[in-house]
Amino acid sequence: ACGTTDDGGGETAGGDSTPAATATEGPKTDLGANSEFFNQEDYDKQLAQRTATPEGPADKPWEQMIEPGEMVDTSKYKAKKADNWNVCFSNAANDNPWRQNGGITMKAEADNTPEIGKFTVVDAEAKDDKQISDIEAMVSGGKCDAIIIAPNTTATLTPAVEKACESDVPVIVFDRGVQTDCPVTFIHPIGGYAFGADAAEFLRDNVKEGGKILALRILPGVDVLETRWSGAKGIFEEAGLNVVGVEFTDGDAAKTKSIVSDYLQREGSLDGVWMDAGATAVAMTEAFEDAGQEIPFVTGEDQNDFLTKWKEDGLKAIAPTYSNFQWRTAIIATTKILKGEEVPKEWILPQPKITQENLDQYVKPDMPPLYYALCGCEDLPGFPQKWGGK
Amino acid sequence: MSTENVSASGFGADAGDRGKRILSALLSTGTIFILLLILWVWITILNPTFAEPGPFLAYLKRSAPLVILAAGAYFVLVSGNFDLSVGSLVTVMVVVAARLIEGEPSRTWPVILLLLVIGAVVGFANGFISTILRVPSFITTLGMLLILNGAVFWWTGGAPRGALSENFRSIGRQGIEGIPWIEQLPWSVILMFVIGAASVLLMRADFGRQLIATGDNERAARLSGVRVDRVRILAFVLSGVLAAVAGILLGGFGGVSAQVGKGLEFDAITACVLGGVVLGGGRGSVVAAMAGALTLEALFTWLNLQGISGALEDTVQGVIIIGAVGFAAYRLRGAR
Amino acid sequence: MTVIDPSEQSPGTRAATRKERVAGWRVGVLASPAAPVYGALLGIIIIAWIVVTIDGGEFLTTGNIVNMLQRSVALGIVSLGQTVVILLGSLDLSVAALISLSSLVTAQQMDGQSGNVIPAIVIVLLLGAGVGLANGLIITKLRVNAFIATLGMALILGGIIENGWSGPQGGVTDGFSQDLGYTRFGVIPMSFILFAVVAAIVWFVLRSTRFGYRVYAVGGSEDVSKLSGLRTHRTIIGAHILCSLTAVITGIFLASRLKAGTPTVGADGGYDLESIAAVVLGGTALTGGRGGVIGTIGGVFILAVLDNVFNQLEFNSFVRDVVRGIVIIAAVAIYARRQEKKA
Amino acid sequence: MSDQSLLQMQGIRKSFVGVEVLHGVDLDLRAGEIHAIVGENGAGKSTLMKTLAGVHAPDEGTIRIDGEEVTFHHPAAAQAAGVGIVYQEFNLLPDRNVAENVFIGREPRKAGLVDRRRMERETAALLEEVGESSFGPRTPVRWLSVAQQQVVEIVKARSLNARILVLDEPTAALAEGEVELLFTLVRRLQELGVGILYISHRLREVFALSDRITVIKDGGVVKTLDTSATNQRELVNLMVGRELDGYFPPRGDKADLGNVRLAVKQLSTPLLRDVSFEVRAGEIVGLAGLQGSGRTQIARAVFGADPVTAGTVEVDGKSVRFKHPRQAVKAGLGFITEDRKAEGLALAQSIADNMMLAVRTVLPARKRRSTPGLMSVRELAEVTELRARGPEQEVRFLSGGNQQKVVLSKWLQTQPQILIFDEPTRGIDVGAKAGIHDLIRKLAKDGVAVLMISSELPELIGMSDRILVMHEGRLAGELPGGASEPQIMELATGAQDEVAA
């Protein structure tokens, strides 16, 4: 395989191929071009999946699955005990609002599952090396009935995940991928191409040809973020939009604002802003306000502060999402596996986008600014306080 | 006295060298001002609007937090210590403010007061541990960095919660409107100048002279009656309070974010060193340290305008910082 | 004028020799800055053992001990180098970036071919020597303070990484990754043996070579060393090369562990500040001239034990940071008190 | 002594910050000769030696050794060429032991590794050669007294097998007894054919030791004389450019004595046992003793710089216990420390800031304006005959003597009632010394109580109204002003234990 792909949608085309991202091999010397982060087949597939009707209950999107394909027989993982399971979770990090929101949901779902007696979370603090050791410890400790892994990086966690698969404990992977199909199931939303395209298409449809677009990204090198940009880039090129800059914000609001101000100074004005993640979307819009300019067409994510501002200030915006409820799905899948119920080899979750039309249903005035609208947690015990709401 | 030969004693044996002396002083500590001027001119050449009041004030506004942090870092550095905790302290300010204000404008001022108190208390703790308990400040404040980062998110459950109020945010975002020619005079720029002036006065006052003497030679200062522990603790308190001010400005400028303070401690120290402050204490001027911060921000602007590829930006920044500090050291040596 | 006849001093002389012998022992063993470190380590192990047991876990099992050893390798190796520069009165904030870069270059050079393993290692070691040389030259010849010089170097390396790689770099040879990253001799991980070997080398260099003596001398006072005819610049440069070499060895090890190089492995691990913390926890004075690698190893183990306990007790990363911060400050405060009492 | 010129320095020029401090100095040294160099503070003696030792590169001029021109870019190069130097300031690493200090950077090796045994053996041999047996090669330098450290310095220079040995004020930190030991060593080296450059402000030593004397003034050579053909008077005249009549100002009158200002009763610290004495207003009390006898310790304990375990201190009849020097300063005490670089000055600060440092800690700025008797920085400079470029000059660029005057000014500014001088004229040239002596006496006349510690017995005898002698942490006795040197040494060495007060 060439270059990285997103969450592995492409490789499952044959049904039984690796459900995970391939390695990023060779140096990525050209950030802007991103050719190595683009895989046409995956791209087409993800774009198509956006309109596919998912299987499962419509009011519980976290239980839905898109084109499930091969189902895995999990009877050999069926737990000996009927309850009091110890479910272990190796988390890459807890370092951004999206993950924090998801982490709370996951814990709540685990608490809400009577069979789970103990939910053990070990945080790798964004350190690959630490996560490898964490997983090793889980395997060698022999106390886990199931191991859930949210990998820090794709290629690097692969050996550890493979090691974990060799044990007789079921391994469940979600969010970012690994380069092996050994886990029982791999859970993820449609993917980065779809995310990037949702946002880019909105700008394509609204900004006049030749309009000036600024692309803001968090950081390089994370596959699920890379595909968002490579998914968008082609659309801009095709539409003849003028991407005046691609900048990394480190997810820092102040830096984001400074970057946008610099561009406003340099370019005079901007016609659209594309973002690969929405944590700093509000800061981006404020840069326009502070410069005394009207906010152009912008994209964000389902973070509550952005949605609120969108609604209150009447922004011209769109918010693709990276379904935060997948954190809940990970527990649900684990429960199924330990009960011996079958699960899809690759569990693809729906990935709704928030538009002007459906905005109202996602804005949550009683929830904190960094709450994620696609939480999928409203029916869990402890809502809304556990998520910081009133 | 055994001698009337006073002509050779006292000062002024080479009064004619006064001009030369001023020149050499400027050469040694003035490098930063020259560098700053060069950058400003260069930026203006690249983007003529930079010199207009609006954009220039925008630049000052953006620089204000770092300038204020640099002043705080200066007090600590000149007394012979380090403060690596200011970055996380800035984050703490923003996160605590959001959690406590919850968008409620009436809570703004009490919370701001509280933030300043937190800054002072953290500074005091840093100072107390580093002086009375004799833990090297590098370690004290490194530990404090970890403690602050952990504690604040522990308290908020991982992510920032709540929201800042509009009037809180206006301090870092807005200013006095309707001033002719410049339109808006940002509050942060006013604060920056006020703090700058106050810092200069403080350094000229007895406290400042005792502080710098302590950094230069602790034993001599103590034997001269200086309460060295006390002045050092005060320096940390100042650093903490100024970090709180910077946090308030940054929270106002950018809104709630868990990233806001990341790496600021290094930027502040770099700014000071660019300005000629000697790590280890006893030397450097606070104006030059603040000029160092303005230079660093100008450097970021310059890099942006040069269109240096985002990736190589860090490399260029690193080379320039090393080059500038090396150049200053070279001039200092030449001038000695 | 009274001339003091040396012969009059013989009673004093005997006393002096006795005092000196006692001193030798005190300086060598008890007064060695490493002594309280191992005291602290022992204390922490006991507390950890009790707490973990009460919590229903197991602490002193083979599996757990091996896990702790394994965890101490990366930080351990780089801390050895950091010890050398700190002893010298310098420090190195560029190690984290260099670890990332070397992991990437390792993967790139190996390119999946087992024949490339040795050349790749050689190239990466050369890279380390080059970066160390550059740090040393900037500090000595440009007279840039080590803090700024190495912070600047971290930026430079960071930019090079960002420019050259946007994600992990695969290509670490399978066999190599298995051998170094995952093999065990009995219960001892191969990588821990690497750590032990590097530690032994650095210890030996500091203890028995002229270079080692010079490191202590320059750390004691650069001025005195220079006026005494010691070529301080060479020593400073040499120490920085040694430090950078340990950083690249750490990078090579991490590449084997991850089977890939990654642009963030160094920064994520916080190896710059954590290695300094480990060294100081190990009783080496930040001002230079006092301490050694034995203490550093103890410091690294303290952090590894803490890490292990945090995992067992499922502390979230925030609580961990708070506890880490407190332990670091408290340990150093205790050393400082001891130091004061002795004086 | 041969006539062959071992070292020739010609036309040496050196400037700092555009100010020339050496204007073409010529100097020569023969093998087996002791060549003394004298001159006022700041004349350039140390700077000249540093150009020889490879610390400073001369701007102009040539250095020849055995007729061959040499240039040293690093002290190591000078060492290699056979130049050994004992600097004016201490140059040892306190955390390392004696052997490690002696062989710093040149550790002997065996099979590529440091041969610690040999290093220690050779150090022991060198120590034996100089008759030092109170410590050994493994003793940490931190434990050594100032005098012992000086021995290490000399051994270190000696270990180079230097043919040229520079001693820059080697006796400044030594008491008389130890000086004799040093002399013995220097003469032994002389017999071995080593050429020695010997810098000192103590003219007695210069005459006792040297073959020739070079007088340096304001960065130039005034004259080189044969020691046998000159006398103290001529020398002083050449150095100072004027006659100095009589060394010490007249003692105070009994009638001038005021009340007891400082009373120390049964003072004990870990280094002191039951020390009691009094100092009256208008009185100069000298404190004599060998190195490490506890003189400095008394000063520090009284001043609140070191903890006291027992005893009381009374100031003007009121019992005080200072926990911090600041309280002492507030109570009207001043303390001129023996080590001005380590404890007296903030070297990177200006002259003005140093002069103001102490008064700032006790008198806030607004009160200073209304306090009578405070002098301007300029006035202070004149009173103490400071030579400097201006109030903004950094103190580290001053010569040792001028630095001492800055320290003095700092304390004058606090208008103290009790002044403790610890080695007030250490490293001070004869001219300035007289000035400082006059100043001390004048302060006493004005009602200040003075406690003066000095290792230079003539000074102590000449200045003091009474002399207290310390021996191993105890007051061994008291002598009247004008007592003789043997009387003092007898008490100081404990040779006679029961002595009348």
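Going in written order, the chains are labelled A, B, C and D, and every chain counts its residues from 1.
The rule is simple: a contact is a pair of C-beta atoms (placed from the backbone, for glycine too) under 8 Å apart; a residue touches a chain by one contact, two chains touch by 3 or more.
Protein names from UniProt, one per chain: B = Autoinducer 2 import system permease protein LsrD; C = Ribose transport system permease protein; D = Ribose transport system ATP-binding protein.
Since we're looking at a predicted model, the values are computed, not measured.
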| item | value |
| --- | --- |
| Chains touching both chain A and chain B, listed by label | C |
| Chain whose mean Cα position lies farthest from chain D | A |
| Whole-Å gap between the CA centroids of chain C and chain D | 42 |
| Inter-centroid spacing, chain D versus chain B (mean Cα positions, whole Å) | 41 |
| Between chain B and chain C, centroid-to-centroid distance (C-alpha), Å | 31 |
| Inter-chain centre distance, chain A versus chain D - centres from mean C-alpha coordinates, in Å | 73 |
| Multi-chain contact residues (two or more partners), chain A | 31, 94 |
| Sequence positions of chain D contacting 2 or more other chains | none |
| Multi-partner residues of chain C (at least 2 other chains) | 162-163, 316-317, 320 |
| Interchain contacts (touch definition) - all pairs | A-B, A-C, B-C, B-D, C-D |
| Complex contacts: residues of chain C adjacent to chain D | 1-4, 6, 9-10, 12-13, 16-17, 20, 23-24, 27, 208-210, 212-214, 216-217, 220-221, 224-231, 289-290 |
| Sites on chain C touched by chain B in the complex | 138, 142-145, 147-149, 151-160, 162-163, 273, 276-277, 280, 285-287, 316-326, 328-329, 332-333, 336-337, 339-340 |
| Footprint of chain D on chain B - complex, ascending | 1-3, 5-6, 8-15, 17-18, 20-21, 24-25, 205-206, 209-210, 212-213, 216-217, 219-227, 282-283, 335-336 |
| List of chain D residues in touch with chain B within their complex | 16-19, 241-242, 244-245, 303, 305, 324-326, 328-330, 335, 337, 342-349, 353-354, 356-358, 360-362, 364-365, 378, 381-382, 384-392, 410, 431, 434-435, 438-439 |
| Parts of chain A lying in touch with chain B, wherever the complex brings them together | 31, 94-97, 100-101, 103-104, 246-248, 250-259, 261-262, 265-266, 279-280, 282-283, 286, 290-291, 305, 368-370, 388 |
